[in-house]
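Got some structures for you, see below.
Here chain A shows up in two complexes: once beside chain B, once beside chain C.
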Partner chain A sequence: MLFTDSLFIFGLIALFILYFAIAKKYRWMLLLGASIAFYAYSGWSNLIYIAVTAASTYGITRKIEKMAESASAEVKAHKAEWSRDEKKAYKEREKKKRFRWLVLLLVLNFGILAVIKYGAFTMRNVNSVMGWFGREGNLPVPQFLLPMGISFYLFQTMGYAIDVYREKYSCEKNFAKLALFVSFFPQLIQGPISRYNELSEGLYAGNDFESKRVMLGVQRILWGYFKKVALADRILPAVTMLISDSEQYDGIYAFIGILYYTLQLYADFTGGIDITIGIGQVLGIPMAENFQRPFFSKGIVEYWRRWHITLNTWFKDYLFYPLSVCQPMLKLSKWSREKLGKTVGKYVPVYIATIAVWFLTGLWHGAAWNFIVWGLMNAVIILISEKLTPLYEKFHQKYKWSNTRPYEGFMAIRTTLMMGCLRMFDCYRDVPLTFKMFASMFYKGNFHILWDGSLMQLGLSAADYIVLLAGTVILFTASMFGRKGEVRERLYNKSPFVSCCLTVTLFLLVMIFGAYGIGYDSSQFIYNQF
Partner chain B sequence: MSETLSTIIEILQDLHEDVDFETENKLIDNKILDSFDIVTLISELSNEFDVTIPADKIIPENFNSAQALANMIEELEDE
Partner chain C sequence: MKIKGILAGTAMLVTAGVMLAALQRLFQPKYMSDVVEGNLIADYYNSGMNHQVLFVGDCEVYENFSPVTLWEEYGISSYIRGSAQQLIWQSYYLLEDTLRYEKPDVVIFNVLSMKYGEPQNEAYNRMSIEGMRWSKSKIDNIKASMTEEESFLSYVFPILRYHSRWSELTEEDFRYYFDVEPNFFGGYYMRADVKPAENVPTARPLTDYAFSENSWNYLEKMMQLCAENHIKLILIKAPSLYPFWYDQWDQQIEEFAEQYHLPYINFLDENMLEQTGIDFAEDTYDGGLHMNVYGAEKLSCWMGDYLVNRQGVRSHSDNQKLAEEWSEISERYYAELNRQLENLELYGNVRGEQEEE
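Take a look at the complex of A and B:
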């Protein structure tokens, strides 16, 4: 089910009414029922996967917590008789036992993901490698239907399990409540990947109806729909056309494709997240922000701090840091210091962990080489830009004009274009073709398409271009105002009446400028496929 | 100033020579140290003090100042 399906929209309105109509203590149960219904609608068989994740996480996190409690009680009971070393050895032994349970949980769940998402990709590559060695590679290639949102709910749930193992907070004792945390429907499609300690309170509390919060939530939902249906869906035919025929649409067309796809992806992904967070806001459930004006970033590192924030922080907290500071890595670092010198040695963990994280970030996006190369290209650019940081600092100290607003604007445009170029791997889904299309931008020289009317032949009319241009200006303006804090809240505080008018305006914008037309069928959210 | 603290300040100064690490107490909150700095710092601290800093100790409270880092190191040494 899509956020744009009329069944979803009417179901959501009914849910809002019911949520505030029933007693507080039943409200989280209503959300669980709605989440199960939402998931079941996408296919009953999908429920099995999410149920396995919820049940295994519930059982093992409870086990881990009980083990930690009994170990702590044991240490207390022998406080007087055990030496410090004995206590330390006992604690380490017990921690290792808990770690084994955690590993079991991670292997089970990521194993499911590996088989259904990466099984076919792995077998195809094994067959290819066997072919290189002259052996017939005909191992069976398994085909599974990917359960909706598995990459999102699995990461969220495994993050929770790791936090319980780390004793960051207590585990959830009520299975149904944990099942709600795992399956909360607005974030199943494309995140954000929430943390239990940030989401759970709002999720279970049964919040009061507050007119201001509900109004702001509805505005955010409408703003998300505006981005999705008026911009992302409108520009989709042109993007599809530009990507599907690389022979005809190369050179400057490829550059136009980068710009169009950047707008489409931004409007689609942030629009979906706005709808998700807006639903949470109406219900009084605060969710983590996933974007902070990413196209205002002055460099790639800053960009990745502002784009898909919850996925990046997940990788940072649960993979980058543990991998960088694990014992084998520190031993490798020590060895590198001795053999390669202090400067190289101390950076070894950072380099290896960065490459590993970006390899997996690429793989997370899809089981294909284009995503892996995309991830590794990000890693290379990040490492180069980190290495060049002292040089940049000297440059900014020497040339004062480089600290002015126009130069910052130049840096933001440069970053946006660079990220757009990297996204070509996502568009063309073929590594050699991507490089070919990238190169064609520099030698083809077909600039005439910019003024000879060719751009009007991409499935977009003059009216479409006007809406897209106006929409982009609105997005940019909203982002500029957003730098000083939440625009809608400031407006509501100034005048609830004007805020009400904004809601009506947003509703009309969605209704009038949505790319509907005859036979309209909204496209799936891009991140839903990951 | 304790020996641990002065060694930590020396290591930090190697990472960012323009920051006054004796007074700065928002190294993470003010985004002075990024994730690369943190990992490099941990590698240096582990090497210098022969302690293991597990990933669950990487929280802003432990990395916001040189003093907080010194407290964490002393705590790990005591464990």
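Take a look at the complex of A and C:
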């Protein structure tokens, strides 16, 4: 079910009414019921996967916590008898036991993901490699239907399990409540990837109706729909046309494709997240922000701090840091310092961890070499730009004009274009074609398409361009105002009446300028596919 | 504070609703200067709803019969509930809808639509359904007619369908915002120009001539509905040369009519063409697809005679109220005829200056 389906919209309105109408203690149960219904709508068989994740996580996190409690009690009981070293050794032994349980849980769940999402990709590559060595590569290629949102709910749930193992917080004792955390429907299909300690309180509390919060939530939902249906879905035909016929649409067309896809992806993904967070806000369930004006970033590192924030912090907290300080990495660090010298040696573990994280980030986005190369290229650019940071600093110190607003604007545009170029890997069918299309921008020289009316032949009418242009200006203006704090909240505090007018205006904008109904393709949210 | 919030929320919803309704009306097509047939269905509710004879069907009825002639020559009050490519179930539900307001003595159904067993075209669906007043018949009609790309909700809230017309609005959308002024005459769409039937395309052989189960089902339902309401049902095939009416189709309708003792008149039959006096060199405005006003009047004269002498329909010419209503319609009818004739003389087309531009 898409957020743009009428069934979803009417179901959501019914849920809001029902949520505030029933007794507080039943409200989380209503959300669980709605989440199960939402998920079941995509196919009853999909429920099995999410049920396995919820049940295994519940059982193993409970086990881990009980083991930790009993270990702690044991240490307490022998406080007087055991020496400090004995206590430490005992704790280490117990932690290893708990770690084994955690590994079992991670292997089980990521194993499911590996088989379903990456099984076919792996087998195809194995067959290709066998072919290179002159052997007939005809190993069977498994085909699975990817359960909706598996990459999102698995990461969220495994993050929870790791935190329980790390004793960051207690595990959830009520299975149904944990099932709600795993399956909470607004964030199930495209995030944000929430943390249990941030989400659980709002999720289970049975929140009161607060008119201000509800109003702001509704505004955020409408803002999300505006981005999705008025901008992302409107530009979709042009993007599809540009990337599906690479023979015809190369050179400057490829550059136009970068710009169009940048707008589409931003409007689509942030629109979906706005709807999700808005639903949470109406219900009184705060969720983590996933974007922070990414196109205002002055460099790639900053960009990745502002784009898909919850996925990047997940990789940082649960992969990058543990990988950087794990025993083998520490040994490697020691070895590289000894063999390669202090200067080079100290970078080896950081580089390896960075490359590993970005390899997996690429793989998370899809089982294809395009995504892997996309991830690795991000890693390379990040490492180079971090290496060059001292040079940049010197440059900024020496040339004062480089600290002015226009230059910051230039840096933001440069970063946006660079990320747009990297995003070409999302678009084209394979890596060689992506490089070919990138190169064509520099030698093709078909600049005439910018003024000879060719852009009007991309499935977009003059009216579409007006809406897209106006929409982009609105997005930019909202982002500019957003730098000083939440625009909707400031507006409401200033005048609830004006805030009401904004809600009505947003509603009408969505209804009139949305690209929906006959003549338009209602498209899936792009990040639903990951 | 909570009550204040609820009140503000309610006021906001009402405002949004009112604005949406206002925009919805603006965006809905007015069908005034182009595709005027789009207003045919709604125009019925402005009629006196006191008709002895009801025609149901597609363009082969609303362009081929003239209720004004029927009234003037035979004192029969009639109405045509027809729309472009009106499918058989749409005719059925329009008949059901009409029976909510009146009970005619005779229903005349044109059988061309038997050839369609499934929903066909969204644009025609809209013209056939949107003008209906809300009732169970309309809901059933929508459900039966929707193509895969359509949604029921877009019939309830037409803005969901027409929202993108914001970029196509013309002066007409504002001029006819509150009320359209359709120019029909008992559901008849007049054309006074002449285009002889020449080079009529030859019929393509079909792989299967059998009408679909769905079409038969609705024809039976129509028959049943008429029987329940003591209405005589007459099946006709209007004298349109194209779309082609196959002998195999004719045979099936004849057998059905015989089985259920229904009158069936195929105006394409040579004998009928002779009786009605239809001349395809003079009586059609588009090369044999539809009758012009001369053809429609000839057909109506024959039909009036048939209804009075063979079906026992009585003349109501002495009914003062009906006479007044038809007098007004006749006045408009002849005014329109004169307007079209003048335009033909001056500009060579019935629309006149509009088309000249």
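Throughout what follows, the second predicted complex is superposed on the first by the 526 of 530 C-alpha atoms of A that agree within 3 Å, B and C clash if a C-alpha of one lies under 4 Å from a C-alpha of the other, contacts with A are read in each partner's own complex, and residues count from 1 in each chain.
The criterion applied here is as follows: a residue touches a chain if its C-beta (ideal position, glycine included) is under 8 Å from a C-beta of that chain, and two chains touch if they have at least 3 such contacts.
All figures in this text were calculated on a predicted structure; none of them were measured in a lab.
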{"item": "Combined model on chain A: chain C and chain B, fit or clash", "value": "fit"}
{"item": "Partner chain in contact with A:K494 - chain B first, chain C second, else both or neither", "value": "neither"}
{"item": "Partner chain in contact with A:K316 - chain B first, chain C second, else both or neither", "value": "first"}
{"item": "Chain B versus chain C as contact partner of A:H448, first or second or both or neither", "value": "neither"}
{"item": "Touched partner set for A:F513, first chain B, second chain C, both or neither", "value": "second"}
{"item": "Partner chain(s) touched by A:M215 [first = chain B, second = chain C, both, neither]", "value": "second"}
{"item": "Centroid geometry (CA): angle chain B/chain A/chain C, rounded to a multiple of 10 degrees", "value": "160"}
{"item": "Which superposed partner A:R135 touches (first chain B, second chain C, both, neither)", "value": "neither"}
{"item": "First (chain B), second (chain C), both or neither touched by A:K394", "value": "neither"}
{"item": "First, second, both or neither for A:R166, with chain B first and chain C second", "value": "first"}
{"item": "Contacts of A:E386 with chain B and chain C, given as first, second, both or neither", "value": "first"}
{"item": "Minimum C-alpha spacing, chains overlaid - chain B and chain C, in Å", "value": "38"}
{"item": "Shared contact residues on chain A - chain B and chain C", "value": "none"}
{"item": "Chain B - residues contacting chain A, complex", "value": "34-36, 38-40, 42-44, 46-47, 52-56, 58, 79"}
{"item": "Chain C to chain A touching residues, read off their complex", "value": "1-2, 4-6, 8-9, 11-12, 15-16, 19-20, 23, 122, 149-151, 153-154, 159-161, 163-164, 166-167"}
{"item": "Complex interface listing, chain A residues touching chain C", "value": "6, 209-212, 214-215, 461-463, 466, 496, 500, 503-504, 507-508, 511-520"}
{"item": "Residue numbers on chain A that touch chain B, as the complex places them", "value": "88, 166-168, 301, 316-317, 320-322, 324-327, 330, 333-334, 337, 346-350, 353-354, 386"}
